[in-house]
């Protein structure tokens, strides 16, 4: 016990040395700005204002556009991210079969990641414009055209673009997980007469779950990044169905409504904390179950 | 064995990729330099100048021959023969001074003759009076009227002759001598003793010394504004080494297209007329009136006067220079520079010269040092 | 025989999907070889409102994969005629190079502390990093802007580079990877009397190459495409990275947009292909532990 304490004390000194550059910079560019943001969200003006408690939050929660943005962000994250993960898992399973050109295919699935934003936006326009290619294909099939970006369909389009960009990354992660599952587990299960579905749920899923934490985190990050493309294609005010919290915050920044922006930011971060804590708890419980 | 083979393959692939990457980056570097240079080379080159905030110095040099302002030619009206010349050319004369004396003998004789005629007429009148008295006493009415008419006629003739005589006397007095009408200088004396008057031009040319001398110069319209009637100027007279400076006054101005004729009057006792008079003037305009810009940088199109200036714009290549057309209001100018009163800032770089004959508003250009 | 059939069928399915996924890249590439005129005639309907009432029922853009006439006109424009693209390209290179180098160094050091050292508050601190990593850029937009102003960074590339260097992603990713390295290595070295800096340099660094490769690729992809930060922090057009300029011009110059995208994509593709095996290994290993 004494030895353990000594190690901790020793490590503490070393840790300061290793962490110092990161912590200093991280504080200056992320932590302190965020703390400032929290402070602004409690004031009525950012310069020399007075403390108004939660008034800004009340106002924010009464604002339709914030609620709309929050709802959209929540919907997009809670629908598109899982769907994309499921799709990636499916593809990973297929890739994990014995097939030809596995490495080539894997590379092909990851490549969309490296396509520049501009290209994405250009092709997005070409495909999903009112006069775009997708509508022309629909026309050939005798279906009347759809205004993809100016209707509820926009949400779907956004999800497709999101999936297209991130699927490869998830596949790589899942493939690693799949390859780490010992083959004899499946063999044992087969001997016990388990079907494909049972094998999947009882073995594959169980062993992949620890990976999920990472995959979901990465999925969250990239789901927030899809704003970049949306912003470039539809500007400050896209169709209502894809008006995200980032749009809202961006517009508040442009209209210099600092209070609303910072309050929205704080709410978003609180949600993130809740989400991540929840995931941690789940994961911990799951790991202990597994053991 | 298989693994070794795989690793070699990966290694050679990596080497290839590395080569491609290096080629790509160096290719882009070369292209960056090349395209930037190409672009800069193709731009119109311009040379600029910044206007000076100084006073405009307008200089003027002009010369003219001094001539008397007023001059009279004097001769004998009757064309008499010259008896004596009392003046020499260039000499000062006073008003009333005798200049030339004329031969008057002939005129005097005529006068004497006329005088005799008057006396004779008086005698004739006396005879007629006697006849009248005779006729009156005879009572012959016809004879009386005739005698009266004759008498009246003779009296009229006498009056006429008397008037003639007076005229001749006055002429005789005035023509006998030529007198100076005012103070001045005998500019020319043509009179020669023994010859008749005005046989070679006027006998004497007298210039008034009160009104002085004048000369004419032509002044470009751009600086004519500095001249006003009555303005005093320094006039240099004579040759360089022994020039004297005297005061002159602008006495007349006359517009002539792009130039203005100006007469300057000089009064000085030394002047005899015919000297070369020289103006060497510098006009300095107000310092605050504007910016001095070379006249060649100022363009005119119809009623519009403008200059092209260089405007720095922030561009992807750093700052780029663009042409901007600025309408200006101009003031005075001299042969090389013009005052710009309005339209540009003192530190605006003005395009003085460009490699292409025409630059257009907004065009990107290369500013040469 | 049945096995071969199944293998072939799955391969075919996956190939078709791969082609679908690669279609945008293919479109970018083939369209970049079209003439400006062809691009114009193919895509001028984008953004136009046509409908049946206007008699435009059948009017659509003409998405083609094969150019009528292969032309390098767009490339000539991007690479030679207009130096703007290349100049901004170097801006991108400059910023991204510093960000990657910085974040890799700073991140590796911090990750070592988080993964291999025991100290009080470690997990809480890491949690803060994790949350920050998830926050979209807009969350700290205003305070960041004010901070950059106070530090005199506005309108300077440093306003992008410095926050980039201290991004939490590198710490997170490398920490995940380090967790997979058994502590026994570190402890054994410690027993031999090696200090932590020596352990870090001689034992850890050589082992985390795949993670570094993965981090470099991911950071490169992310920052190579940045748009929001430069738009907010950089006023001068000539300081912007090419990604911003391309996203601004692509509306009016589609043809150039395709060529520029392809040329902008190349470094990413080359880097990816070069580091692919490491990248995949790095991504996979860092995802093993939660």
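What to note about this one:
Lettered A, B and C in written order, each chain numbered from 1.
The rule is simple: a contact is a pair of C-beta atoms (placed from the backbone, for glycine too) under 8 Å apart; a residue touches a chain by one contact, two chains touch by 3 or more.
These numbers come from a predicted model, not from an experiment.
Counting hops only between chains that touch, chain A reaches chain B in a minimum of 2. Greatest Cα centroid separation from chain A: this falls to B. Of all chains displayed, C has the C-alpha centre closest to the centre of the whole protein C-alpha set.
Centroids built from CA atoms put chain B at 91 Å from chain A. Rounded to a whole number, the gap between the C-alpha centres of chain A and chain C is 15 angstrom.
If you average the Cα atoms of chain B and of chain C, the two centres end up 82 Å apart.
For chain B, no residue reaches two or more other chains under the stated contact definition. Multi-chain contact residues of chain C, defined as those touching 2 or more other chains: 273.
Interface residues of chain B, counted against chain C in their complex, comprise 10, 14, 17-18, 20-21, 24, 28, 31-32, 34-36, 38-39, 314-318. Across the complex, chain A meets chain C through its residues 7-8, 11-12, 14-15, 17-19, 21-23, 25-26, 28-37, 40, 46, 91, 94-95, 97-101, 105-123, 125-127, 129-133, 135-136, 139, 164, 167-169, 172-173, 175-177, 180, 210-211, 213-215, 217, 220-221, 224-225, 227-228, 231-232, 245-246, 249-250, 253, 258, 261-262, 265, 268-269, 272-273, 276, 283, 287. Within the complex formed with chain A, the chain C residues making contact are 3, 6-8, 10-11, 13-15, 17-18, 21-22, 24-25, 27-28, 43, 45-50, 56, 58-61, 63, 105-107, 109-110, 112-114, 117-120, 122, 127-144, 146-147, 151, 162-163, 165-166, 168-169, 171, 176, 196-197, 200, 221-222, 224-225, 227-228, 232, 243, 246-247, 250, 254, 257-258, 260-262, 264-265, 268-269, 272-273, 276, 280, 283-290. Chain contact summary for the complex, chain C toward chain B: residues 79-84, 86-90, 236-238, 240, 245, 266-267, 270-271, 273-274, 277.
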